[in-house]
Each structure stands twice: as structure tokens, then as C-alpha cells.
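In what comes next, subunit A is part of two complexes: it sits with subunit B in the first one and with subunit C in the second one.
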Partner chain A sequence: MSKAAKSNALHLAILALLFALFFVLPAYHVGAFSRIMVLAIYAMGFNLLFGYTGLLSLGHAMFFAAGMYGFGLGISQAGFSVAPAFLTGIIAASVLALVVGYLALRTAGVAFMIVTLMFAQTVYLVILYFGEYTRGDEGFVIQSAQRVFFGIDLTTETARYFTAFVLFAICFLWAAKLIQMPFGKRLVAIRENEERARMLGYHTDSYKLRALVVSGAFSGIAGASYALLFGYVGASFSTVQYSIFPLLWVLLGGAGTTIGPLIGVIFMFYLIDISSSYTTAYMLIAGVVLVLLTLFAPQGLAGTLRKRVFPWLP
Partner chain B sequence: MPNEIKKTSKINRRSALLGLGTSAGVLATAGILPGSLGFAQAQSSAPIKIGFQKHATGIGAAYGRWYGATTDAAVKRINDNGGINGRPVEVVVEDDGTDPGRGAEVLEKFANQHNCDVAFGTLFSHVVIGSAPRAGELKLPYFVVSEGHHVASGGLNRYTLQPGITDVKSQVISMAPFVADNLGKKVTMIFPDFAFGHDHRDFFSAAIEAQGGEVVAKIAIPPTETTFTRYFPSIPRETEVIYHVMVGPAVLTFVKELGEFFGPNRPELFGFIDSLEAVDIRSSGLEFLEGSYFWEGMPRHVQADQADYEKAYRAAVGVNERGASVDDEADVSTYAHMFGCWETLNIIKAGMESADYQGPQDRTKLIEAVEAMTDMPASEDHPQGDKVFNGKTHQTFGKQYISKVTDGRLVVEHTASIEDGRYEDEVDYTTQSF
Partner chain C sequence: MAAVNVLEAKGLTKIYGGLEANVDIDFQLPEGEITALIGPNGAGKSTLVGMVVGRILPTRGSVSFEGADISHLPAHQRMQLGMAYTFQITSIFPGLSVYDNVALAAGQKLAGDKGAHDQKTRQVLDRIGLADRHDQTAGDLSYGHQRVLEIAMGLAQDPKVFILDEPTQGLSETEVDAFIALIKSLAGETTILLIEHNMRVVTETADHITVLDQGRVLASGTPEEIRSNAAVQAAYLGTTTDA
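Take a look at the complex of A and B:
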């Protein structure tokens, strides 16, 4: 079996597994996996920029929030139904990524991290400033009646799970396809040696900007999905904490791997979920685990698997 | 062979268990056995499980700790008095990190993993608002102790109730008559530039105008601000009262800088104790507050006319006469808010007993029973004072206290009546289906 065939089989197997989990998992874990799949979309978006392009953003929560508020305000202020509101969320995140990228990509390395962090803080403060519409730090609820898509009530556990599944599947396969395309390979080339890629004739600035826009769009899809499926829009999703989370997920799961973000989100979700039942120092546990993984599996779980067992892992 | 043994044996495993169970039942009925076995007279002796959504970490941790202590004390009292419908109460604690995302996950754990009967205890508004949609979807009664206006505003759902603490709108509008009559009619408001501050700005502005006063300046402080002196020149000279509701770790700096700016010739000061919950009013830098006024949900310091029920409550939650832990004077409680946990748990008990609650299948009966409640007289169940619950808006209304800082003590100067805090209904949750 060729490397590409193995890769395709793996992705389809993961989707089949996620599909089947709905029928075997207890109710709590069905809800947990609905959330995990949404957050994994966010992690995949971050991974496209960090894992494949080598750009470390510390402000990705702004794109998640843009998708969330684009959707939420589309519903609450513009009176949109689910589909146009969802599209508004994606467009808001993409346009924000385009603007931020145009400015922030003039910097590199640590400066890029700081600039993205500052932009995210600006977005957070803008949300608070326009509290009349956004309800500031409190946020607002998307009512159940507003979360109906072509007659399907998305507040039921079944509809929520399979909506999350479909959105995840589209993004998962899209990301996998993207990195196999010449576009994805050029991103990897930029990550490995930007000077060399430029010398080969690639307009690296353009590719980085496109990568950021795609990454922002993924994050926006995740933010809009969260608001749609869990009924809440809030400023806390634009704070630094939610910019750090995708970094942790991707580092734990494996940067530059297609399955790493999903693994990272599952690992981190249950690490916090279980450890918080025993101690209030659960983030310390998460930190220790991250340090240990960095020491003993610096390429993350999927990255280590690729290195030691499955070299074909995409 | 086994059959023969079974026939000849006088005491097998089943009969032994049956005998033990019967004996325990008889003893429990007679009230001889202590602890949980003493609840066995109920149809089911399985505990009533109450999920406590606790701010154990994050910005709400100081509140969470005292909400936890109050919850433990209230549950101990309920269990000592026979539990709910003869069943013991068990509190399942989950930390929400004072985060709305985690808050929603915690409700899922309560409903689907711990099989809790109800969820309760949330304070911070954004956690309540982030969690409430899931409570509605999970059909889990969600009793919040938040004081936010989000319940009564109609933004949530039928499964979310706030019966144990008044909301910010009621608190703010009930202050306006006292401020206008006693402190002055020209008010400058200083508030944090986010939803909590905006609620104060909007509700108080309207309320003081209704009293013939006016807000002469509204000074919004950005949430990231750590120093405040540059805002004070914006306070108009005509100001008679400064109304401040700053919260967060920078509040001590705020008060200190306000004192340095005005010196001894300051306008009257009126604030919400939210700013100084869990902070000793005698702390260094707070001397400037001497002679100023505060709203208190429940008076932190023991008053001269202390009622017996307040005394009993204070002892039960382990708080001394200055509102600090009896074990550590430096550990000041969140006394103005935490009574809400105590009262809410007693309301849950009353609601379950009224509805003859047996299990999750009776959750809607529980909500209807609470919705039917109205008067809640001051008592050991309601030590903060009299209350009237509005079943339509799922919001309680109660007395409010205005205290003056006098020789480092908070002395109640005025008690606002329940009527002072009433406002028109903004929602009727009872019209929503379950």
C-alpha cells in the first residue's frame, strides 16, 4: 500500500471510529466528544500555521472569537438564520486573519508572537468596548429556537454530535488534502528553510499570508461551531488562555501531523477533566505532562509515533 | 450437594442480608442508627445529589472557597435535620475554573456522569450564562447564586433559577432613594468598563433620576487598568457623591489613589462591597474609606440588633463577628454574597419536599414547586432577611443593607425594603415549555 493510500485509510478509519463512538460511549462522553471535535478544528487551524508553516501565533483566540461573534451577532443583531450566520462567522475570521496577517507578517519569530498576542488583546478589548452589542465579558446566549438548521434541532445530543462530526470530517479531510497539495508542500518548505524556498522562486510572504487566512478560517469555523452547538458567545474565548490552548493541544498531539491536533485535544481534555476531580492544581499537572512530553517526546504523541513506528504518518 | 446444603442451612447469604437489612430498617425507623442509615425511612435512601459548580480556581476562587464553606455548613444542617424527604444530601463538587466553557462541561458531568438531581452554586455571570443553555438542554435544574440580572432579564431558560440572592438591578435601584436623600443628588459614577459596570451605570442612572438626582459624570475604567489617578481629574467639581463599583485585584490601588487625590475634602463615597469582599476593611490603604457607605447583601460585621437566626448562621459557617474565619482572622469571608448558597439549598430542600421529589423524573415538578413559592420570611433558612420570590422571572427580591464605615466597622445605617428593589417583570418563564 502506498504512503498516500495508507494516509487516506488512516483518516477514514479515524472518522469511522468517531462515527461509531456515538453508539457506544456513555452520554457524558458523547457530549465531551462533540466538544472535542469542535476544538480539534481549532487545533487543526493552528497546526496549519504552526506545525506546517512554522509561524507561532500567540493570538489565535482572536480568530476563534471572530467566528464565534460573527455567528452570534449575525443571529442576535442581524437576525440571520443558522447558515448565513455561520458563513458570516467564517468570513469575519478570514478577513481578520487577512488584515492581521498583512500587518503581522512584516515581523518574524518572537516579534510575530508578540504582535499576534497584541492583536488578540485588542480584539478582546473591542468586544468589551462594544458591550452594548456583545454584552462584554458576560457574553450572551444563542437561544435554542435560533439553533435550528433546516428543521433539525441542533440542541439535541444526536444532532450536536453529528453536526460536530460532519464539520470535523470536512475540515479534517480538507486539511489532509491541503498538505498533500503543492500549496501544503510549499508551506513545509517555508517552515524548513524560508530563504531556500524564496531562492527557489516562491513568494513566501504570499504563502504565509494564505496560510494564516486558511488557519484563521479553520479557527473561525470552530468558533462559530461552538456558538452554534453550545449556545454561548463570550469574551473569555478571546483571552490569552484560549490562544495558549491550541498551542498545547498541537504540541501534545504532534505539530505538523494531521492527526496530532485531534489526539492533543482528546489528551488534554481528559487530562483536565480527570485531574480536576482530584485537585485544583490540574493546570500544574497539565504543565508537568507538557514538560515531560517535551523532554521525552518532543515531537508530540503523533510525531513520536511517526518517528518510531509509522513513518508514513501524514 | 449444594441443594442439600441450601435446604439444611439455617442462614444463607440471602437470608443474612435480608435479616441485616430488616434490622437496619427497624433501627433506622426508631432513630437509633446514626448517619446515613438513619435516612432509611424514605422510599429510597439513596442520597439526593447536588452538583456544586464551584469557582475553585480562576478569578472567582476567593468567592468559591467561601461558597464551598457555606454549602458544606448548609448541607450539614439539612442532613442533621433528616435530609430531604428523608434522604441524605450529597454534594458533588466540580471546579469550573471560573470559565464559561468549563462551566458548561461541568454541568454535563453533573447530569450525565454523576447523575446529580440538580446543579447549584455558580456566582460569576459569564459562567452562569455560558452554562445555562446546557442546563436547559440537559433538563437539569440549575440554581445559581450569581446576583446577575441575566436570569430576570429573560435571557436564560426555565431550568435556571435564582431564588437565594437578589439581582444587581434590584440592588442598585434600591440604593438610589438613600443616596439621593442622604448623600447628594449629583453623582459621579466610576465603574469597570465591562458588563458588570455597565449594569450599574444603566440601572443606577435611571434610578437616581427617578429620585430627582442626576449622574453628572460616568467614568468607565478599562479592565486592564492598574493605576487610576489620571481618571480622577474627570470628576466634576459639582459632584456630591462618588458611586464606585471597582472590582478585582487593583481595587486597593484604586481606593488608595482616590484618597491621595482628594485628601480630607472628598465628596461622599458610596460603593458596593463587591469591591472589598474577602478584604479586611481595616487593611492598610483603606483608611480613606472611613465614613463612606457601602451596599451589603448581608452585613459582614455583627450588628447591635443581631437576630438569633443570623447568629446561628454565622456560627454554622464558621465566621466571627468581623466576618472573618473563626480559625484565621486574616481570612475574611465573602459574607455579603455567600448566604445565597445557604438559602438556595434550603429552597431546594423546600421545593423537593413540596414536590415529593423522588428522582430526575421529578425535576419539572421541582421547578414548578419553586416557581410557586412566594414569601420567604427571615429565619434560620433565610438568615439574610425576608424575601419574596417571583416565580415568573425566577428571581428573588429581598432587603438590602447600606452600611457606613465607622471606626473600621461596617455599621448598618439603612435597610432598603423589598419594595425599594422591585421592578416590572421582563419575562415569564412559566410560559415556556419544559
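Take a look at the complex of A and C:
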């Protein structure tokens, strides 16, 4: 089987597994996996920029928040139904990524991290400033009656799981396709050696900007999905913490791998979930595990698998 | 016979602070021929080439390519017009396979046509002798093979002007022989600018030689003319040994 065929088979197998999990998992874990799949979309968006293009943003929460507020305010303020509100969320995140990218990509390395961090902080403060509409820190709830899509009530566990599944599947296959395309290969080239890519005739600045917009759009889809499926929009999702999460997920799961983001989110979710049932000092346990993984599997779980067992891993 | 100049530089000057790296350099590449740029360390070769390919902004002067002024174009657009440049210090994509390295180089023009893209990539790998290593990670190759890969990337771009910055640096004698054979096989196909320290490579391949010294063109002409030029002998040939 060729490399591409193997990776396609792997992706379809993972989707089949996620589909089947609904029928075997207890209710609590079905709920957990709905959340995991949405957050994995966010992680995949981050991975496109960080894992494939080599750009480390510390402000991705602003794109997640843009998607979430674009959707939430679309419903609460503009009176949109689900579909146009969702689209508004994606557009808001993409446009924000375009503007931030245009300005922030003049910098590189540490400066890029700081500039994105500052922009995210600005977005957070803007959300608080317009508290009249956004309800600030407190946030607002999207009523169950407004979370209906073509007659399907998205607040039931089943509808929620399969909506998350469909959104995840689309993003997962899209991301996998993207990195197979010349566009994706060029992003990797920029990560590996930007100056060389430029001297092969590639307009690297333009590729980096496009990567950021796609990454922002993924994050926006995740933010809008979160608001849609869990019915809550709040400023806490635009804080630094939510910019650091995708970095942790991707590092743990394996940066620059298609399955790493999902693995990272599952791992981190259950790490905190299980350890917090034993001790209140669960963040300490999470911290120790992170340190150990960084020491012994610096390329993340999927990255280490690729290095040691499955060199064909996409 | 007066050949057409595919690339021409006029009055190229680069001043860093008070240091004159290049002063008023006039320079031509006759189409389809091999021109070597030589000169002692610090003569300004890398600065001149940097200005030609667009990596360094000149203080003044102009560069034209196929008759059109390209002085204002950024490097990547000059490459798109048909230049290729290989780096003095090996510059490849270390984490990618040999095949992907070459495919990226060929893909700038051919990415739209999958079949032609793959064919070109394989053809270049065959020609350069890396076909059986196409699956290896480029960063794991030996130094010599990495240099060869870098040249392969230039070839895959199908350049009208191929600029090689000290391509044989650090290569063994056999590898240098292979390089000389490759460059000779390209003659007529493409125009080559060779920045080179190894005089054997220069004398065996070049149709023209331009000698730089202290940021200025000291002499320019056929290998015979250069060899018999007293100023060149004093400045360069008599005082340096082969690298």
C-alpha cells in the first residue's frame, strides 16, 4: 500500500472509530468526546500554523473567540438562525486572522509570539469593553430554542455528538488533504527552511499569511461549534489560557502530524479528568506528565510513533 | 560572435556603512555560456551575486534580465522569471525526503501538472545520481550528497540562468570531477554563473572569467586572457593556493 493510501486508510479508520464510540461509550464519555472533537478542530487549526508552517502563535484564543462571538452575537444580536450565524463566526475569525497576520507577520520568532499574544489580549479587552453586548466575563447563554438546525435539536446528546463528529470529520479530512497538496508541501518547506523556499521562487510571506487565515478559520469553526453545541459564549475563551491549550495539545499529540491534535486533546482531557478524581492537585500531575513527555517524547505521541514504528504516518 | 547577454548588471554598488563592498560593477552573462566569478576572499563576490538574485538591496545600479529591468523585483519574483540560485552554505529542507526537496524546486512551475511534476523530479534525480536515495531524509545524507541535492534543486527549477555559489566547497576530488562533468553537460542548455575558488573547476568549465578584487572588476575575459593578465596574477593567482 502506498504512503498516501495508508494515511487515507488511517484517517477513515479513526473516523469509523469515533463514529462507533457513540454506541459503546457510557453517556459521560459520549459528552466528553463531543467536546474533545470540537477542541480537536481548534488544535488542528493551530497545528497547521505551528506544526506545518513553523509559526508559533501565542494568541490563537482570539480566533477561537472570534468564531464563538461571531456565532453567538449573530444569534443574540442579529437574530440569525444557526447556519448564517455559524458562517458569521467563520468569517469573523478569518478576517481577524487576515488583519492580524498582515501586521504580525512582519515579525518572526519570539517577536511574532509576543505580537500575537498582545493582539489576543486586545481582543479579550474589546470583549470586556463591549460588555453591553457580550456580557463580559459572565458571558451569555444561547437558548436551546435557538440551537435548532433544520429541525434538529442540537442540545440532545445524540445530535450534539454527531454534529461534533461531522464538523470534526470535515476539518480532519480537509486538513489531511491540505497538507498533501502543493500548498501544504510549501508550508512545510517554509518551516524547514524559509530562505530556501524563497529562493525557489515562492512568495513565502503570502504563504504564511494564507496559512494563518486557514488556521484562524479552523479555530473559528471550533469556537462557533463550541457555542452551538454547549450553548455558552464567554470571555474566558479568549484568555491566554485558551491560547496555551492548543499549543499543549499539539506538542503532546505530535506537531506536524495529522492525528497528533486529536490524540493530544484526548490525552490532556483524560489526564485532567482522571487525575482530578484522585486529588485536587491534578494540575501538578498534569505538569509532571508534560515534563516527562517533553523529556522522553519531544515529538509528541504521534511524532514518536512516526519516528519509531510507522514512518509513513502522515 | 557576439552572444546575447541574458543578464546584465550596470553600475552595481553596495556600500555598508563606510565599507565599499562593490563599486560600479558592470557585468554580463552571455546566453548559454559558463561564466566564472573569481577573486580572493572579501573581494565582493557574494555581495555581487546577492544583488543579482535580489537577496541584497544595492546602494545603486541596475540589473536586467532578458532585456527587462528587474532591479525593483524581490528575490522570489526573479526566481520565477527563470533564475536559480544554490547557496554557498548548503541550504536544503533537512526534514523532507530527497524526492520532496527536488519536487518543491520543480513545483514552482509544474505543481499544476501532477504527471509532468513527478516526471521532472525523477528525471533530475536520475541525472544527478540520487534516484536510489529518493526516499531518504535529506538531513541524513552525507555532506557531499547534500551539496549534490542542492544542485539538483537548482536543475529542477529549469533555470535560464543558474547561479552556483561555491558549489564544490568541501567536496572530494571525485565529487568535483562529477560536478565538472555535470556543468559541462549543461552548457548550451542554460546560462551558468559559477562563483568558485577551485581553479581547476574554473579552468575546465568556464567560457568567460570575471575577476573581482576589493569590490571592483579587476579583469574580464576568456580563460587565456585572464591567465596572462599581469594584474590578475599579482592580485590573485600568484598569491592563493587552491581551496
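Convention: the second predicted complex is superposed on the first by the 314 of 314 C-alpha atoms of A that agree within 3 Å, B and C clash if a C-alpha of one lies under 4 Å from a C-alpha of the other, contacts with A are read in each partner's own complex, and residues count from 1 in each chain.
Rule of thumb we're sticking to: a residue touches a chain if its C-beta (ideal position, glycine included) is under 8 Å from a C-beta of that chain, and two chains touch if they have at least 3 such contacts.
What you are looking at is a predicted structure, and each value in this text was computed from that prediction instead of being measured.
K.L.:
Where does A:Phe71 make contact in the superposed view: on subunit B (first), on subunit C (second), on both, or on neither?
P.N.:
The answer is neither, since A:Phe71 touches no partner chain.
K.L.:
Give one of first, second, both or neither to describe whether A:Leu200 is in contact with subunit B, with subunit C, with both, or with none.
P.N.:
second
K.L.:
In the superposed arrangement, which partner chain does A:Leu128 touch: subunit B (first), subunit C (second), both, or neither?
P.N.:
A:Leu128: touches subunit B, not subunit C.
K.L.:
With both complexes overlaid on chain A, does A:Asp273 touch subunit B (first), subunit C (second), both or neither?
P.N.:
After superposition on chain A, A:Asp273 lies in contact with subunit B alone.
K.L.:
Is it subunit B or subunit C that touches the larger share of residues in subunit A?
P.N.:
Looking at subunit B versus subunit C, the one contacting more residues of subunit A is B.
K.L.:
Looking at the overlay, what does A:Gly231 touch: subunit B (first), subunit C (second), both, or neither?
P.N.:
Touch status of A:Gly231: first partner only.
K.L.:
Which partner chains sit in contact with A:Phe63 here, subunit B, subunit C, both or neither? Use first/second/both/neither.
P.N.:
A:Phe63 sits against neither subunit B nor subunit C.
K.L.:
For subunit A, which residues count as touching subunit C in their complex?
P.N.:
Contact set of subunit A toward subunit C: 182, 185-186, 188-189, 191-193, 195-204.
K.L.:
In the complex formed with subunit A, which residues of subunit C make contact?
P.N.:
53, 55, 75-77, 79-80, 85, 87, 91-96, 100, 103-105, 107-108, 111, 153, 157
K.L.:
Report the residues of subunit A in contact with subunit B in the complex, numbered from low to high.
P.N.:
Contact set of subunit A toward subunit B: 26-28, 31-32, 35, 125, 128-129, 131-132, 135-142, 144, 155-156, 230-232, 234-237, 241, 273, 276-277, 280, 282-283.
K.L.:
Which subunit B residues qualify as touching subunit A in the complex?
P.N.:
Where subunit B meets subunit A, its residues are 56-57, 94-95, 97, 99-101, 104-105, 108-109, 111-113, 125-126, 129-130, 132-134, 136-137, 148, 150, 155-157, 193-196, 198, 222-224.
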